[in-house]
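The same chain A turns up in both complexes below, where it pairs with chain B and then with chain C.
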Partner chain A sequence: MITFILKRLGSGLVVLFAVSILVFSLLYVSSGSIARNILGDQATPEQLAVKEAELGLDQPIMTRYFSWLTGALQGDLGTSWFTSEPVANALATRIPVTMTMVIVAMILIAIIATLIGVAAAVKRGWVDRVVQIGAIIGDSVPGFVIGIILVTILAIQMGLFPATSTISTGAGADAWMLSLALPVIALLINGVTGGAQQIRSAVIKQLERDYVRTLRSRGIGEREVLFKHVLRSAAPAGLTVLSLQLIGMLGGVVIIETIFALPGMGPLAVAATAQSDQPVVMGVVMYTVAVVIVVNLIVDLLNGWLNPKVRVS
Partner chain B sequence: MTESVETSALTPAPGTSGQTGTVVRSTVLKRLFKNPLGIVAIVILLAMAVMAVFADVLAPFDENFANISKTLAAPDAVNVLGTDSSGRDVWSRLLFGAQLTLTSALLCAAVAIAIGLPAGLVAGYYAGKFEAVSNWVVSILMSLPGLIVLLTIRAAFGPSVWIAMIAFGVLISPSYFRLTRSAVQSVRNELYVDAARVSGLSDLSIITRHIFSVVRAPIIIQTAAIAGVAIAIQSGLEFLGLGDPAKATWGVMLSEGFKNVYLTPTLLFWPAFAMALTIGALVLLGNAIRDALEDGEKIKHRRQKAHQVEGAAAASAAKAARKTIAAVEAGTEHHLVKVTNLGVGYPQADGSIKKVVDDVSFHVDRGEILGIVGESGSGKSQTAFSILGLLPDTARIVGGAIQFDGNYTVAPGEDKVNQDRLSKLRGKRISYIPQEPMSNLDPAFTIGYQLVTPMVRILGITKAEATRRAMKLLSDVGIVNPDRTFKAYPHEVSGGMAQRVLIAGAISCEPDLIIADEPTTALDVTVQADVLDLIRDLQRRLGVGVILVTHNFGVVADLCDRVVVMQNGRLVEEGPVREILREPKESYTQALLASMLEGKEPMTMLMSAASSSTASPTDKENVL
Partner chain C sequence: MKLGPKAAAAAITVSAALALTACGGSATSGTAAAKTTTLTVGAIQEMRSWDPAQAHVGHYLQPYQAAYDSLVLREPDGKLSPMLATEWKYNDTNTKLTVDLRTDVTFSDGAPFNAEAAKANLDHFKKANGPQMAQLTAVSDVAVVDADTIELNLTSPDPSLEFYLSQAAGLMGSPKALGTEGIKTEPVGSGPYVMDKAATVKDSQSVFTARKDYWNKDIQKFEKVTFKILIDLTARTNALVSGQVDATLLDPKTGKQAEGAKMNLVATEVDWQGLLLMDRDGTKNPALGNVKVRQAINHAFDRKTIVDQVLMGQGTPTSQPFGKASGAWTEDLENYYSYDPAKAKSLLKEAGYETGVVLDVPAVPGFETQLAVVKQQLSDIGITLNVGAAITNTYTTDISAQKFTAILFSLFQGEPWVATNQIVSTKALYNPFKNTTPELQAKIDAVEKGGKDAGKAAQEVNKYVVEQAWFAPLYRVNQMYYHNSKVAVEPQVQQAVPSIYNYSPAK
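Let's look at the complex of A and B:
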């Protein structure tokens, strides 16, 4: 068990390392004009050279990468080329906002999608039809468009929610929740419709398995068959769906935060992208990939716990 | 953003497409065009395509032509959808946006197919190292959040839609890879592919001729989904202001509308509408193709409707019947089970009911073994499951009655098995030995748990007491090391062992009737005899009634006291085993016996009816 976790963490580090090399070399392409972008069109060649030396851009790419890597290993992700803010600081202030929304949305998706998916699989009939139609609508409207629609109708036209969700520490918990409500709803709708659909088919698949009939023949009640056996066997499929949704959500949240003007990682990432601010982009990508690696590890551990076959191998 | 693609990559079941080949293609198209949603989707997509292709002709203005004196104007004769904050024509920009959006979606899908399809074919067909490496690459690509990668690409290469879409194509290519690989794997070892190989076809022509036809339909479905996601993610990038500012796209228009949401919210409507319409049409198209491939789906929905209507009527009938059911026909109370004129059917799409069991009557007494013999499709298992009350949800009792120990479980006139009454009997007084041992144990629980729980529930004994009994049962059914088996998970024991476990489960609560559905068919020939001996011993010792469903007269001769022969859902002949074996009256029984004794032909060849998967040629080996 512990060797398994260590092994997975090790291969996760390898992936992080590979991604860092890849992203670093990609960003190298655009770093040629950075000094001019920072200093503006009026800058003299001397000023540009000074700036490049200051940022270390005059060094060969290998040297630059290794100085970034040694820094990163010590927790120093460099400073933004444009705002001079340390990247680690910028991330630390913004990650809580982003991850709060992502985690709350994922928990809600897991609960709601499971409830709806199981209901559709067991009851069929109209519940099933609603879930199917919901899945089509959810697939048709991208999450950020849902966000725009929500903010336009519920916040701007009806005034039920604040349109921009700037979170100040002074505000009370209820104001805080109210301001996060719409972004979280915008984040979770696609996940609920898609997840419910997938969980529905996973449960139906299990209900048709032979062992379900045998359990019933042994006099095990319908509720126990469903909640103890069927759900457990359907859970790995559901977990996979949810983990893929979480990975997707790490991207989707960038747009949602921009729409709601939330001080999360999204606006930081967008600004850094537009300016090719390499240290910030590196920081954001590394953080996101690390989250994904941890999530995948947790999913694998849960799957091992749920499925004895996986556990053995 | 990418979640819908990634998950939809999991949905198309390669198995379902396995049977479609070139032959089915025309009917799939026909079915697609019969589906109104499919037609709507195709019409919308065609309209969008026409708008995109002829944008230069259809658009009254250039995409960037700005009339500064007419900003945020309401629709009029010149600007049919109004103008934006720079005075640009919304309708023209929508058309040019369609052009760019659709082309970029196609580019993305093309790149993904160009990478994923060949890689999947090779990995699936040759497996080996290439598959291992590509699996590793796939797992990395799938764990990268699409939008974040695209932000990096944007930071590196600047605001190019095309580069972004190529990158996204690469990123999403695993969905084609996985789809193709599993489809290829499922047919790689099919007989017809082997035959092609033997007949000397090269790998390349096998792949193009046989395997490509299998993956074609799933790939079209997948492309519809991916094009939708590409549109969404491309628009998302544009919305963030990371696209090319000189191009009109739906994403840029959304962003423009969002900036002016307080002044002119309608600016938001058109691009959002166009996007939802296009992606929705793609989703519907994918679903329609899927439905056309698995046309069973439609029938299911209708079945349900029919069932509800009937169900309501039947419920009241059943309620009325329940008051009067108390007494069964006088003089039959002593039978353990009595099946009278039973009919079982399945409602069909056209409203008719397909009967699988028709007018079947027999009885079983205590301590007696009754064999039900017939080929697959003879209705023998359906008959057994109606006694157990474990028919599929869609099944209807279309006639007759079943009584157990002097009480009706299906009273005359009821159209469903009465679960209230049967749930009190199942496990406790009626138990079941299934055909396929491995699939009938829950892989997630230990064998011990699966033996103990029913005893705790049914007999109301403690866990410790149940564990003790389970150990005894396991050694009773001939398991040498009960302790180890008790702790094992189903995948850790052999098929013969699993069947013994299932038999132990069937007798664990001391039932009066055991229904065994082909209990030896799935087992090795050497184990079959052991299991039959075990059933006989237990039956003698416990004095229970047994219904043994089989297609094998050898098993009947070996074990049964009386036998019922079934064909096409009807009862052909009934009588003591010895009589039937010596002097079969019906020609069908004679044929069945003859084929067994000569052992020259597999039993499935007897009938023109669908061949069976359960009757394997090896079965005749243990006949005598």
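Let's look at the complex of A and C:
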């Protein structure tokens, strides 16, 4: 078990390293006029040269990459070229906002999608049809459109929620809840409909298996068959879908955060990318890759715990 | 899985609780019958640094004005008035500016404002490599004459200098804090407000409270000022309409929504949009070297219809690149080039280009509609507009490397000398082919040495570039700044977002 985790973490580090090289090279290509971007239209060539030297832009790419890498390995991700804010600092204040939103949305998606999916699989008939139609509608409307509709109705017309985030230092739990309610709903609708679909078909597949008939023939109650056996066997499929959704959500959250003006990773990533603020972009990418690696690891571990067959392979 | 009675009761309780919180929320904001004491502005961008030397122009200036006083105060109409400087005077050759300073001002950390402090700020600005460092390029050194007088020595006259002292270059920070790490995140100035560090969150909001015993109560009109960072246009619209912010910058489309919610418009013209016909010597595109071709291009556009269709009427058709408030603007040049395709065709014929001209421009993100319209109107007179790859964030380098012979762009309309150095002089970024003639250079020199009459002198520069069709301006754009009825807002010339002094509680 321990070796398994270590192995996975090791391969995760290799991925991180490879991605860092790739992103760094891509940014290098587009970072020609950083000094000009910072100093504006009227800066003289001498002023530009001073700024470039200050940022280390006059160094060859290898030197720049290794100085970044040495710093990163020591936990120093550098400082933003544009705001002079340490990147680690920038990430530390924004990750809680984004991750709270993503995790709350994921937990809700897991619960609601499972309930709906199982209900559709067990009841079939009209329940199933409603779920199917809902899934098509839910899948076809992008999250940010749902977000804008929610703001217009619930925040602007009814005044139930703030239209944009009111989260600040010292803001109480109520501010967090009210500010995150609409973004979380906007995020989770696609997830719920997609997840429910997958869980429904996984449960139906299990219900048709021979072991279910055997269990039933031994007089075991329908409830126990469903929750103790069928759900456990159907879980890996559901988990995989949920983990994919979480990773996809890291992208979707960018737009949602912008619409709701949440001080999360989204606005940081967008601004940094638009300006080619290399240290910040590197920090954001490293964080995202790390989340993906950890999520995949957790899903593998959960799968192993749920289903012994997976552990062997 | 039916809803049991318990669950139903729970659901009802929850929705009732939600409704109650909603009532509570609206009740507090509804009792604002008295004058408001707070101002919340929807800012379009976070500050990069609160170091005054890192201040910028336009909408990037406003937040600094809360924390910092400037040497010169720029009135809403552009007139320059005393602030920390009580008086200023040039010598006869416009190469030395003597500035008298106030003696009764302290910074928020207790340090006194005096000649030494002013010198420290100007010196810091010159070497801090900020985005507006060019503002003090002409200043060779700053000398302290006595406790309340400084002299700025200039290498050559700069008619914009007094204006600059009302902008980024004139912001005064505490000499004790300049150059420290702390001032990057927490401003230390002598301004009307001080930052409430505890309530300020990077990329979310900056909160300021009124400074006790501030020397100029006339411009300190609120107890609390909040800059709420709302980069996204939709978020700004929603925040304004739902009452989260009192004022913010929108655009013609979202403005309609704000007007539906009874918000008030403050419109100002800040930028012009149109073609920069940059290769005027025909180095890479010989056709552009012919003035008749450039004039033909100018006659091709039905500017009025473009304004109505593309900007929903929120703009003014124009043929001149200099702004209305700049002093270089003249009525005669406003409609110098009429919409006249027939004349355009005959000009092309005279120039020997009746078989057609090809004009290459890069695509500019956000200008898709404008490019489509321009392309169509040019094709009517036989000019093919080739829209190439989109510009990237290296576009300034590309422009100065003469990568583009023409571009459809949006540019700021500043003071005459600023605009001259932006688009006309051989030093200008937007004159990459360094086009000039002795006649034009003489006119530019007259502006530089013009002192107080620089605006008038710049009218000649304006006339020259319009007649020579250096550009094909289409229109000046209205910036749509909206505010609710709790505050009154006065527009500021050449700024989409007004100066902080222009806001006051509504009467």
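Note that in this section the second predicted complex is superposed on the first by the 310 of 313 C-alpha atoms of A that agree within 3 Å, B and C clash if a C-alpha of one lies under 4 Å from a C-alpha of the other, contacts with A are read in each partner's own complex, and residues count from 1 in each chain.
By definition in this document, a contact is a pair of C-beta atoms (placed from the backbone, for glycine too) under 8 Å apart; a residue touches a chain by one contact, two chains touch by 3 or more.
Treat the numbers as computed from the prediction; the structure is a model and nothing was measured.
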item	value
Combined model on chain A: chain C and chain B, fit or clash	clash
First, second, both or neither for A:74, with chain B first and chain C second	neither
Partner chain in contact with A:115 - chain B first, chain C second, else both or neither	second
Contacts of A:36 with chain B and chain C, given as first, second, both or neither	second
Which superposed partner A:142 touches (first chain B, second chain C, both, neither)	first
Contact breadth on chain A, by residue count: chain C or chain B	B
Touching partner for A:284 - first (chain B), second (chain C), both, neither	first
A:3 touches, of chain B and chain C: first, second, both or neither?	neither
Partner chain in contact with A:156 - chain B first, chain C second, else both or neither	both
Touching partner for A:258 - first (chain B), second (chain C), both, neither	both
Candidates 254-262, 308-316, 362-370 or 578-586 of chain B: the single one with C-alpha clashes against chain C	254-262
Common ground on chain A, meaning residues reached by chain C in one complex and by chain B in the other	30, 148, 151-152, 156, 258-259, 270, 274, 276
Chain A-facing residues of chain C, complex	1, 18-19, 21-22, 25-26, 46, 48-49, 56, 129-134, 137, 184-185, 198-205, 228-232, 234-235, 238-239, 241-242, 244, 392-397, 421-422, 429-430
Complex interface listing, chain B residues touching chain A	1-4, 6-8, 10-11, 140, 142-158, 225, 228, 231-233, 235-236, 239-242, 254, 258, 261-262, 265, 268, 272, 275-276, 279-280, 283-284, 287, 304, 308, 388, 390, 423, 426-428, 430-432, 434, 436, 439-445, 450, 453-454, 457-458, 489, 491-492, 502, 505, 509
Chain C-touching residues of chain A, taken from the complex the two chains share	30, 32-33, 36-44, 47, 50-51, 54, 82-85, 90, 93-94, 115, 119, 148, 151-152, 155-156, 158-160, 162-170, 174, 178, 258-261, 263, 267-268, 270-271, 274-276
Chain A residues touching chain B - in the complex, by the definition given at the top	15, 18-19, 23, 26-27, 29-30, 124-125, 136-145, 148-149, 151-152, 156-157, 190-191, 194-195, 198, 201, 209-211, 213-221, 224, 229, 232-233, 237, 240-241, 244-245, 247-252, 254-255, 258-259, 269-270, 272-274, 276-278, 281, 284-285, 288-289, 292-293, 296, 306-309, 312
